[in-house]
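Two complexes come next, and they have one chain in common, subunit A, joined by subunit B in the first and subunit C in the second.
Then we have the complex of A and B:
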């Protein structure tokens, strides 16, 4: 079970994810609503894993991922994406994301992904 | 469709969808005004979020529409379609429908009753190149991994990875596996080639073969390659590792064992800790599932002694373990492993961190806030009662305790006021759309500028402000701004300007709406007033310009010659004035013919708690808001004069109207104090018997059963339980 930072620009998605992750026994150590906040909180909280939305204001998920990877090459980041964003996800994977989940979220898939990435 | 577990998210969904809807509308209008990459990015993000959220909630109809809309915005962003007036209208119609859907969802529906087909078709037809739905992300051009042929001494492996057919992005899964493997060695080549996986084409069949040079060992590579939606990972070692011996291990599990697979697994895991398992027979996933007849074989490369291996594998319910040294590893035997198998890597040490864990914001139901406000009001009233009891009985100790409560209650009040404050943007954000629609309808060109939307107002004031403000804005476009040709003829730019600003000025929030239109024609106003029978020709001639303009606020007055669809639905400025006054605010208009008009609204930031002066008249108590009081003077009866129907009093050099309030509170013989009040630059006097004091009170509105009572804005309950009316100075002066 991991300490997780949730990054998404909507509270709706964050709440959804939070409840899913919580049901899987994970601890939600923080939330961020944009990339800049995500990077700052990562540094602060040193979570085991980050769920990272792609499309966000200020700094998008890919940029935030790169920043986090710069700070901590071992960072475990799972991208939250939607169908139609394959290219973005590929870019994210290339930039060091460890996994991805596709919206709309299915709880078992999310938990599986998180479990796998945490174990990696 | 929408399961009950999603109900808890409905409110949040609605609130955030409304925000995103507003973002889209606002930015569409910016986009309409000219090219703005920032605006289209904002729109795209909001549309994308709307789509994702509606999909998550299972609102398929809404998702369908949002998706079609997102594609159009995408095309605009990629400059594949041009922003035309028709396209803007189509997009605005779409967001209108989305707003309706949000309304429906808020009321418990699922948006499926909306008919979106026509709009979806229209959106699709609006010039979207099909099959191009990607984010315009930088092309991945660099070569991911150096493919220099491995001339090193490291062992080389061939890893075959099968991705779950159900995966939504199989190629990405393969890329993740490749990326993970790269951490452990040098990738020589892949089949299909990397370029194919990274490209746009969706040709990947789900199986990838990776050749890698690595000294991490087969098991570590398997661990690295496996992950979510990976069905199987098979590894073959090419060549050999000269350093470590290989052993064949025969393990036989107790036939009585209830969970053979589990037992076998534990044994395998123990062995894994000691070396690298190269192969297993039957395949590992079959072993884990218990699909073997009591005996299975493993091949392990390890530096450990055979005896140690045997002991490690001898876990409960394992009957026997046989370890046979092999002279050389036989390459080519695959190890198959279930994707969900245990992983071995050590987790990074966890640091415990306590700061910043809490959630910084939360949403609260406004009704709960209202209830809380009511409770605080009750507390304020009862605090007053307690104070009086303590004073009456001279209980020093209790007075001290009440002093403490006093401070807490005051702080609570201030805090509550702060919490209830919301930025004006809540209503400002909708206005650009209103201006646009009104201008379009009228065939006018209008530039709308807003400032100070961050200024905060109490929610209840905000609620009451929405309609009057809408009305004024429509009026400004409708009646203020002239048609372009008229403006040009008058030497003005064709495009009119409507300027809305808000600012906090000590005790008030000032909202100013200015237009550079035709201004108010005073003579026309007078003529209309005479025609409507509001006043006579003689009276009209005596009016100052200011007074004449104020006729606009007279009930039933409207200078519009034709009633348009957008503004002037028979509701006049008198309603606006009434609404603003019911918020304890004032409205003032100034106008210069040919140059434009300015409406200025003066509003209290909050209206629940008011400082009042308590006065006595005919043995009754009355509260007068301090904000309206200019001074208190003693009354000299000889200075009272009757001018027309109105009693007046001479106070120093001024003659002021005098209100005796007999019809409200009965005749009093003892009036000797004058309270001078002022509203809208006009003073008048109220005669009272005596002034009792000054205090903060909570003004409760009169029940709707009683209706609007002229002269009274509400009631308040004093500490001793007396119910006291609060005078409404606005309607008296």
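Then we have the complex of A and C:
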């Protein structure tokens, strides 16, 4: 089980992810609504894993991922994006993302992905 | 020619026999004595180890055999039957339940569209997608070998989860495949499904696996509100009733029971 930081600009998606991850026994240590907040919270909270939305205001998920990896090369980040944005996968993986989920997602699949990334 | 042991449905019973699988036909020996011309086959359905073959003249032939034998029969049928068929690259499944399958690879094979299913076929693989489970067809772009390429994306439901597959071939063929699939799945269109943002949020939460209580707590709604939106989704054929739960309160007898139980220390 991991300490997780959820990053998404919509409260709805944050609440959904919080419910899913909580039901899987994970601890939600924080939430962020944009990339800048995500980087700051990562530094503060040092979570085991971050779920990161791709399209966000101020700083997008890919930029935030790069910043986090600069701070902590071992950071485990799972990217979350909408259908049709899968071309971001390569960019995200190149930038150090460990996993990727596409919205809409199902709870068991997200939990599996998080479990795999935490184990890696 | 290949011979294969099967059971064939005949006169309300099953006959053990060895069928001959030839290039253009399958021959079932006596007492069935039937020759199935492969190009006369219009549909194929498989349930467990039973294969049902549908012919142009509306006859049905049912065969039972082991997986290995059925694989050979299906391969021969799918490559020769009357269907929309094209050679292409496909990736199936590419996304399952919203999670990208990182080791998914492009495979070269045939895409065969029959009356009730889409099949992805290679010499070692047969993937069947029932048309009734197809939830979306889209022409889109995907990065292949560093280049953005046109692909057709086919979304379908599998165990209540969304699975996506991609087909890659030249653009003109993709366009024909897209048009063909769009036409045969036209009844699945969600146009006119007028959902507001709350309806959409509830639909997404249901898909994610949240139950009514969780949805109620997350969105701060009453059960009546949720019920109304559930009815809307059901009426639009976008959802089905899975189970009906009840809320109860205790009668005086029930309250007496738990009070006594607490007193006597059994609870």
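The definition used in the following text is that the second predicted complex is superposed on the first by the 120 of 120 C-alpha atoms of A that agree within 3 Å, B and C clash if a C-alpha of one lies under 4 Å from a C-alpha of the other, contacts with A are read in each partner's own complex, and residues count from 1 in each chain.
Note that a contact is a pair of C-beta atoms (placed from the backbone, for glycine too) under 8 Å apart; a residue touches a chain by one contact, two chains touch by 3 or more.
This is a predicted model, so every value here is computed, not measured.
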item: Three-chain arrangement built on subunit A, subunit B and subunit C clash or fit; value: clash
item: Subunit B versus subunit C as contact partner of A:15, first or second or both or neither; value: both
item: Partner chain(s) touched by A:105 [first = subunit B, second = subunit C, both, neither]; value: both
item: Touching partner for A:113 - first (subunit B), second (subunit C), both, neither; value: both
item: Partner chain in contact with A:90 - subunit B first, subunit C second, else both or neither; value: both
item: First, second, both or neither for A:30, with subunit B first and subunit C second; value: first
item: Partner touching more residues of subunit A, whether subunit B or subunit C; value: B
item: Overlapping segment of subunit B (options 199-207, 325-333 or 415-423) - the one that collides with subunit C in the superposed model; value: 199-207
item: Doubly contacted residues of subunit A, that is, touched by subunit B and again by subunit C; value: 12, 15-16, 84, 86-87, 89-90, 99-100, 102-105, 109, 112-113
item: Residues on subunit B engaged by subunit A in the complex (per definition of touch); value: 9, 12-13, 16-17, 20, 42, 44-45, 48-49, 51-53, 55-56, 58, 133-135, 137-138, 140, 144, 168-169, 171-172, 175-176, 179-180, 197-198, 200, 223-224, 226-228, 340, 342-343, 345, 347-348, 350-351, 353, 355-357, 359, 363
item: Touch list for subunit A against partner subunit B, complex; value: 3, 9-13, 15-16, 29-31, 41, 44-46, 48, 54-57, 62, 74, 81-91, 93-94, 96-100, 102-105, 109, 112-113, 116-120
item: Subunit C-facing residues of subunit A, complex; value: 12, 15-16, 19-20, 84, 86-87, 89-90, 99-110, 112-113
item: List of subunit C residues in touch with subunit A within their complex; value: 95-100, 102, 140-143, 148, 160-162, 201, 204-205, 207-210, 214, 218
